[in-house]
Amino acid sequence: MLIAQILVNGLVLGGLYACIAVGFSLVWGVLNVINLLHGSFIVIGSYAAYFAYIHLGIHPFLSVPIAAAILFVIGYSFQAGFINRVVAAPVLTTLTLTFGLELFVNNLLIIAFKADYRKVTLENPLGVLTLAGITVPVDRLAAMVMALLLTGLLFWVLNASRVGRAIVAVRMDREAAALMGVKVKKIYALTFGIGAVMAGAAGSLISLIYPISPLNSITFLGKAFVICVLGGLGSVLGAMVGGLTLGVLESFGALAFGPEHAVTLSFITLILFLLFRPTGIMGKKGYE
Amino acid sequence: MRRILLLLALVGVLLVPMVGNNYIIRLTTIMMLYCVLALSWNFIGGLTGYPSFATAAFFGLGAYAGAICQGQGIPMYLAWILGALMAAVFAAGLGLAILRLRGHYFAIASLVVADVLREVVNSATKLTGGGMGFNLPVLKMGIDTQTKLFYYLMFILAILTVVSAAYVNRHRLGFGLRCIKQNEDAANMIGINATIYKTVAFTLSAVFVGWAGAFYASWVNYIEPGDVFDILFSVKPIIMVLLGRAGTISGPIIGAVIFLFMEELVWRNFLTFHAGVLGLIVVALIFYLPDGVLALNFRRLLAWRRN
Amino acid sequence: MGPILQLKGVTRQFGGLLALNDVSFDLQPGEIVGLIGPNGAGKTTLVNMVTAVYSLTKGKIFFEGKQINGMKPHEISRMGIARTFQMVQPFPKMTVLENVAAGALFAGGVKTLAKAKEQAMEHLQFVRLADFAQSSASALTLADRKRLELAKSLAMNPRLLLLDEVNAGLSNVEINRAMELIRSLVERGITILLIEHLMKVVLALCSRVIVLHHGQLIAEGVSTEVVRDPRVVEAYLGSRFVKRQQKGKGYA
């Protein structure tokens, strides 16, 4: 039953991964901007949950709205202040800009919080769940469920609300959307904000599982890249498919090649997909 | 006017080892190294318009190829050429695979390659020493002599790079690359084999970088994967070229010089925050100098200031 | 000498849409042939297939006896086929001279940049754009851009020139000038396939006319006869034209 255990491990991880990547994917798909700050946004979310727990005793799952609110403000400001001015610029410009911003923010985080790894260790851990010979730590499972719920919430918002449909419209065809009265600049700011919110939420959930440190932001960024390419850009479904796939890939990869090579394996998969199937597993760009 | 400045600069560079101390000589060596990296990136990024983040991959590959060759007893100068060749061959192969991609996808693919190479080198412990690094044989000469020797050797590499860049810029290849950058489909339609041209540009962006990597390994005598495959080796040349002016010859050179000065200043004054300051500089660059220093119209600036 | 261009059973499918359906015709060297048909008939698609922008779903294309379908666009340019685009595509950051020199330097087979620029100047003089040689290509008016396109295509030294709506958006005076230019091209021995909407141009310049409708070739022959062919009239020229013809008022 080892295979089944590994598979379940991968899927649980994958659910979290989907939440990590969905904001990144949305921003990339709608604004055509690769937000290199995304990793740091996640880390800020984790710190928010950490300090809420240490100082106020709030469980990280309940910190999600707090982290989300903080990140929304940060995200919206960054977009309005910086990203907005280069949205139509070539790839190199936007990449270099977000790279510079990320250097700055990451350095700030290191100075503010130090690079040491912290972890949220609950006073009353929830133990493990065993079913049909497969064990899953309950907090991980709960985090995965919450992650999927949040991602599902985003999916619902994009499909059911006016604003959501506007975002999808801009993603499909910016000019046509503008002609139909959509205020594209506002949508950009909102989308970036939502991307930051999802990052913060993911960070909050992840604080129970991953060590928290500014040094991790590049790890999350790398995963987000792979997930976007695997699953397809700009769609929640794509992020989910990509996330689950990456989770399973890493689990089996760790088994086959050792955990230290899991990341390299995912990057090789990334390159292979870019070469042979750049639209991802889903094939066509998902339109929700 | 430009010729005179150029001549003065050349003379100045040649005189440095005679008047400066070892610190200054080493700093100028790094400046020339930066020029090589910036001019190399310019081939694929500035001229052809493909945002390559593969420079670190080529640098690290050249470093390890050169190091391993030297470890096998191959003379240093030959090892450097082999490093350059390895990087070039790798770039040609990689180029055929990823130059089909455009924009973001190409950037990511090129970025990820360095990371994959780093891991591969890290794991091939028997050959490369893995995470414990690789020690190169030490040259049998005094520190002062060695410093000066490497200075002049780097100078030769820099001149080679500049001459190649100038040649490409003024002839057919450069013209074709510029067409590709502005409209790749139209370029194909007027008879440019864009695939070949891009691959040549990509290979050019690797050969001198690989050489520089092998040089670097011999210069510092000890390399490890995280050091020579550092993503900053990919990003700094881009910043230098953007700072100066993409697509020209003097642009990358001026950008490299300015960048080095800034880097030294920042390092000395903001030790814990130097990455952050670099980030701010990059942001300022994007907003206030989008076409680089050379694109500034100084007369207009002066007139504006008088008002 | 055989036909310079042969299309045999050329078909192109885009998903569910059959853009070209079993089109076959020959072009003899030195002809000016008109390619007409309503919007969406497949005229530009046909040119795109000859120049390898799109691949063929079915069929074959021969240029001077050699099969060219399956080749890449740059190979076809170098073989001696040039075309203009409806949406003119200059290299925006280069001067007018450099744009034309590009055509000479690559497809045109000129060895050095300096010689290419010399030849480019001659071509610019031919299309009467020489005064704009040092202007940026993106600063030109539409009419001048069309002349730039033409100069660039000529610099490529083609034996077959595919002109795609070179007159769209031009005034009457400009159109007459363009017609003169095209006539002098034929005197140089270049075979021309002219996609046109304006009947007066087609009838004045083209000895033969090919008519496409919904991707199919519905008529081919001498211009004056084809325009009276009831199928063509019905598909393309419309009933008003027919009425004018019947009242003896000539062409619109």
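Each chain carries a letter (A, B and C) given by its place in the written order, and its residues are counted from 1.
Please note the rule applied: a residue touches a chain if its C-beta (ideal position, glycine included) is under 8 Å from a C-beta of that chain, and two chains touch if they have at least 3 such contacts.
Computed from a prediction, not measured in an experiment: that's the story for all the values here.
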item: Chain contact topology (line, ring, star, complete or other); value: line
item: Of all other chains, the one whose Cα centre sits farthest from chain C; value: A
item: Approximate Å spacing (C-alpha centroids) for the pair chain A, chain B; value: 33
item: Distance between chain centroids, defined by C-alpha means - chain A, chain C (Å); value: 51
item: Distance between the centres, which are taken as Cα means, of chain C and chain B, whole angstrom; value: 45
item: Partner chain C, residues of chain B touching it in the complex; value: 170-172, 175-176, 178-179, 182-183, 185-194
item: Residues of chain B touching chain A in the complex; value: 45, 49, 51, 97-98, 100-101, 103-105, 107-109, 112-113, 115-116, 119-120, 123, 235, 238-239, 242, 272-276, 278-283, 285-287, 290
item: In the complex, chain C residues that touch chain B; value: 51, 53, 72-75, 77-78, 83, 89-94, 98, 102-103, 105-108, 112-113, 152, 156
item: Touch list for chain A against partner chain B, complex; value: 28, 32, 34, 82, 85-86, 90-93, 95-97, 99-108, 110-111, 222, 225, 229, 261, 263-264, 267-268, 270-271, 274-275, 278
